[in-house]
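One structure is given below, represented as structure tokens, and several questions about it will come after.
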């Protein structure tokens, strides 16, 4: 069937499906305008109900690339001064400014959106085991202890821009097209579990990680309690949150490479493990599944997770949500629907569908210290 | 020759309830229903089972349908014969004259003297017309069960 | 005439031999010769026939199909005269038959003692071993409306004949040489039971006596005079003193005989392709460990089968049997095994129990059962046959042997398990 | 002593026109309830001896028997119920402790009946267990919180060491501790064989391991109780795991009590105690008076089994079960067994069985939460025991935070038990809680094994259906996932303790 006809059919049939996710990465870390991701996600407008959309871009703050950048939103009761006081005690605030936004009539309940570029004060940084844990602890403190305030992005040279609205409205609101980044992910939300709240939109970020998710995590209850055990507290009332924190826990803290990460989050079935012929791999799969039992993500999901050096796309163990990938030159695209990819790359060299539980892992050429670099599959 | 099924007895599981006898007599009676048969004394036949009990050991034994059956050799009328299609040792009540040669030679002692009007020999026919003998089917503890000739247990499933 | 297998005698020994041969070779030609004129009948049933309990056409113990299925060539009214062992030929009254394998199962013939005044053609004197004799006797009794009869011999045949005649309400005078009826199988107490039962039926028994001479008028018996001097008017005398193996045609053929034809454990005579079985053969007696003549149906059946198997090239061993008897006389069932009456008591042990209607006796020899009698209550007596056959040491459960509910549960566990769990067992 | 004024619990109704006087009931009743008149072969029964075990009713070929509760009533009195009155009558006549068997039968609230499960719809499809694999495989034993790099590069063998110390269960259900002595050898054999066939484990209880059960030792969890019955180094090395019994749900704080009549020759051999003597295991272990003593015993056992088998500790669910559990984990135990108030017993004073201990549902919730608060939950496994009646009870227990459950009474019921609570008499007509050969032969282990395997199979099928309904296809994602539970007609404090929301609250 010709591509054009395909597009016509799609328009006519209203398929109420869950959220839409999209992601683009340039393997040589060449930065490109956010416009591309916006038009890609907007292609899947019907996958959302206008109660949430958002973008995450990497490499968008070249001038502050070594600074920690916090995006914070305050609602009416937000204690902005107290938070800033708290930050001043811990950081040298190199730069702070409201996030540049534009007036968009259709948006409402717009919170105060501010961003801070920080260096950790040396009295803290001297005896720190890892900067990341300090930032993590700071973000958790703000989100839990300061009413009306919530840090929704906390990485270096990256940022998350999200809110309640359609993807085009949010893109226009945050002037996404002005930013240039080598990796972009986007989300168009159809929330069922929580009411449209600016903080509840995707992507969810902690430190360098950003994650967009279509689906539902039926193992949320145990994942959340497992994460609390390790110091991550869920405050955004959406199940996606646990995915981001799990990636940080497994990859950064426990130093699992991404393939091992998939053995934990989308563990292969016991039958599959039994059939595995490579003895070491078999033992590892079984061991990881036993040790990280409570980290397993159950329920249908399609996720795209990124950090400064990798883009990952993954489905649940039964692939109950669509996810398709394509590549052209040094670009790799991942999305819920092929239409979103074809919108921005009409003739990709290769299009494929990842198997259930088997992740697509795209590493940027630059060597980043996140986990052991594995050859791109 | 066709090899017969056999009843295997596990004396360690016989609980001494003697239901096997009751169901055997009922099955071979004309009434075919326990209460009617026992109530109206229409006990047309004795059971093919000899029940034995001593202390906490008991078991019910019936004709073994031996390969080399001594009763077949001792029978002077041909009343005791081996059934071609099932390989069982069967007894033809009409031909039997009651000479008791079979009672004399049966090493298991399970050939009885029938209490019915015609005093002839009487023994278990392994419920020729049923898949499972009545005694096996109604033993509450599977103390008796049926095996095929190779000794493989035959069960309902 | 030529045949691969030749069988002399068409009773249980001959028939079992056919079954034995056919279990190995169902092609080889089998010829059976019989001096009688009926296709198949069971000899012990002649007393039931005499008593009118069964008719002529239910005398057979194998049907006509049996002979057809096994493709048997049965030649009746043939009397064997002699055997030419060098040329493997049987000489008979109707011609000669060459054979490769021969079975002699000619059975036994009645013993007729020479009594003064006896002659073959006197009317009213019968022996009682074959169906033809039984038919003649029954016809004679009905036609002559006999009301009293004398039976010489208180053994099994005499008693069974007496029981048959009693059905025609004939007054019986039984003359027995020894001191008791059924002397070969029962002891004093048991035969007293039988005697009292027979007397109640109007039967008179003369023990330690015999017939000295026979008187006849116009060639029909009229009176007999006993040794004790007693004289009995009668028109019917049945001679039932015993049976001797029919070995007349075997004389000077080189086949070794004692009272019967001697056979080894494969039922072979001293001539390799000639076998013998049944009442004519002398096989091993398990109890006496010697070879002896046991003229009973089960022995003939087993010997015939084993002979047949070996004749057809199979290999079967006759481990030996022992005398056993089951009979019901005037409603009283009696079963006896092995040695029942023991004269010298030194190494035998006797267990006895009796109440009014039943009598039970076990004879033990160094803790093994060598004989027993069950009178009145005979159920489960076969278990004792098993104990004798397997020569089980009964020391531990000797006290239970006479118990009313004696059963398998009292036997040593290994033997019981073999019977209860294991497959069948042959005696 | 005047005639007992106790009235019988049951009355036997015999339908005369059904009774064929075959005397089967007379022959089989171990309590001599039925008797026959030799002359007329009429059959009658003595109600006072009947314990309501229904064996005769089940066996009667014509269904002539009906066992009914004794209808004679005391005056209506919400406080002085009939059973309290007649318990005092009995104690006034005997002056002794009233013993009983089985689990607490008081009408305390059963929290499993007040917890509802979730189901996934629309946004999250339920998974069809007939099409997709539903995984119940569970691992019991000590684990580590995070895998370290040397493990990943196979420099160390810690992966193998940890894996070898785990019990692998095909279904998260094990057979609870019922010693050879309180139950018959045939019952043990049926349970052991079923455990082996269904890929799970059975607990020997404090009665030691009988020789004929050695073939099932690789599937046995052997118990070390205060009586140390049958404990030897061989006993430990043969088994798959070791469980130190500190307490039992039916009788927290007191020891085990096997009446002398039940101590046969076989039992005295297995337990290494004189035949016929009462087997009393003392209340406290006489070498465990503090948590440090327990730690020493745990490591003594670990040394004996060369750290290759999980060593667990069984405690009764009592008020401070959470801090005790935390202490036990820190004392080196690889799994904790918590036995709730409804847990069964072969013999225990009725006042203790009915009044001491807390429900297992609450115990699981508080222990799981406490261990999570202290960050040590993932190091060990929690096995819950005591009164599981259905597969939904088990699913709820696992969702509250248990790794696996022990079933005892329900296994016995599968073997034929009718919960007549008279196990201590040793006259169990079903051949389970008895050593009398006349009775034990009534439990054919081959039938027993088949029935137990059927029960486990049925329950695992039901559990897979419930899991699929929640959109979960692996038990790991259900364990501790209290979001899937909602309370119904529970107070605020009960919800808080159970850590679940009330029905109607969404995420």
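To keep things simple, chains are lettered A, B, C and D as they appear, and every chain counts its residues starting from 1.
The rule is simple: contacts are C-beta pairs under 8 Å (C-beta built on N, C-alpha and C of every residue); 3 or more make two chains touch, one makes a residue touch a chain.
Predicted, not measured: the structure shown is a model, and the values here were computed from it.
Pairs A-D and B-D differ in how many C-beta pairs touch across them, and the larger number is found at A-D.
Averaged C-alpha coordinates give centres for chain A and chain C that are 105 Å from one another.
Chain A and chain D have centres, each the mean of its CA atoms, that are 47 Å apart. One simple way to say how far apart two chains are is to compare their mean CA positions; for chain B and chain D this gives 43 Å. The distance from the centre of chain B to the centre of chain C, each centre being the mean of the chain's C-alpha atoms, comes to 30 Å. The set of chain A residues touching two or more other chains is empty. Annotation for chain C: no residues touch two or more other chains.
Shown for chain B are the residues in touch with two or more other chains, namely 10. Because contacts link the chains only in sequence, without closing, their graph is best described as a line. Residues of chain D that touch chain A in their complex: 120, 122-125, 127, 132-133, 135, 137, 139, 143-147, 149, 151-152, 154, 159-160, 162-163, 166, 372, 375, 377-378, 470-474, 476-484, 506-507. Residues of chain B touching chain D in their complex: 10, 12-19, 22-23, 34-35, 38-39, 55-56, 138, 140-143. Interface residues of chain A, counted against chain D in their complex, comprise 18, 192-194, 215-216, 218-222, 224-226, 228-230, 237, 239, 253-256, 260, 267, 269-271, 280, 283-284, 286-294, 296-300, 317-318, 320.
Residues 12, 16, 42, 44-45, 48, 53-54, 58, 60-63, 297-298, 301-302, 305, 324-328, 333, 335, 378-383, 385-386, 389, 405, 407-410, 419-421, 423-427 of chain C touch chain B in their complex.
Taken together, the chain B residues at the contact with chain C in this complex read 6, 8-11, 50, 52-54, 57-59, 61, 64-70, 73-78, 95, 97-101, 103-109, 111-113.
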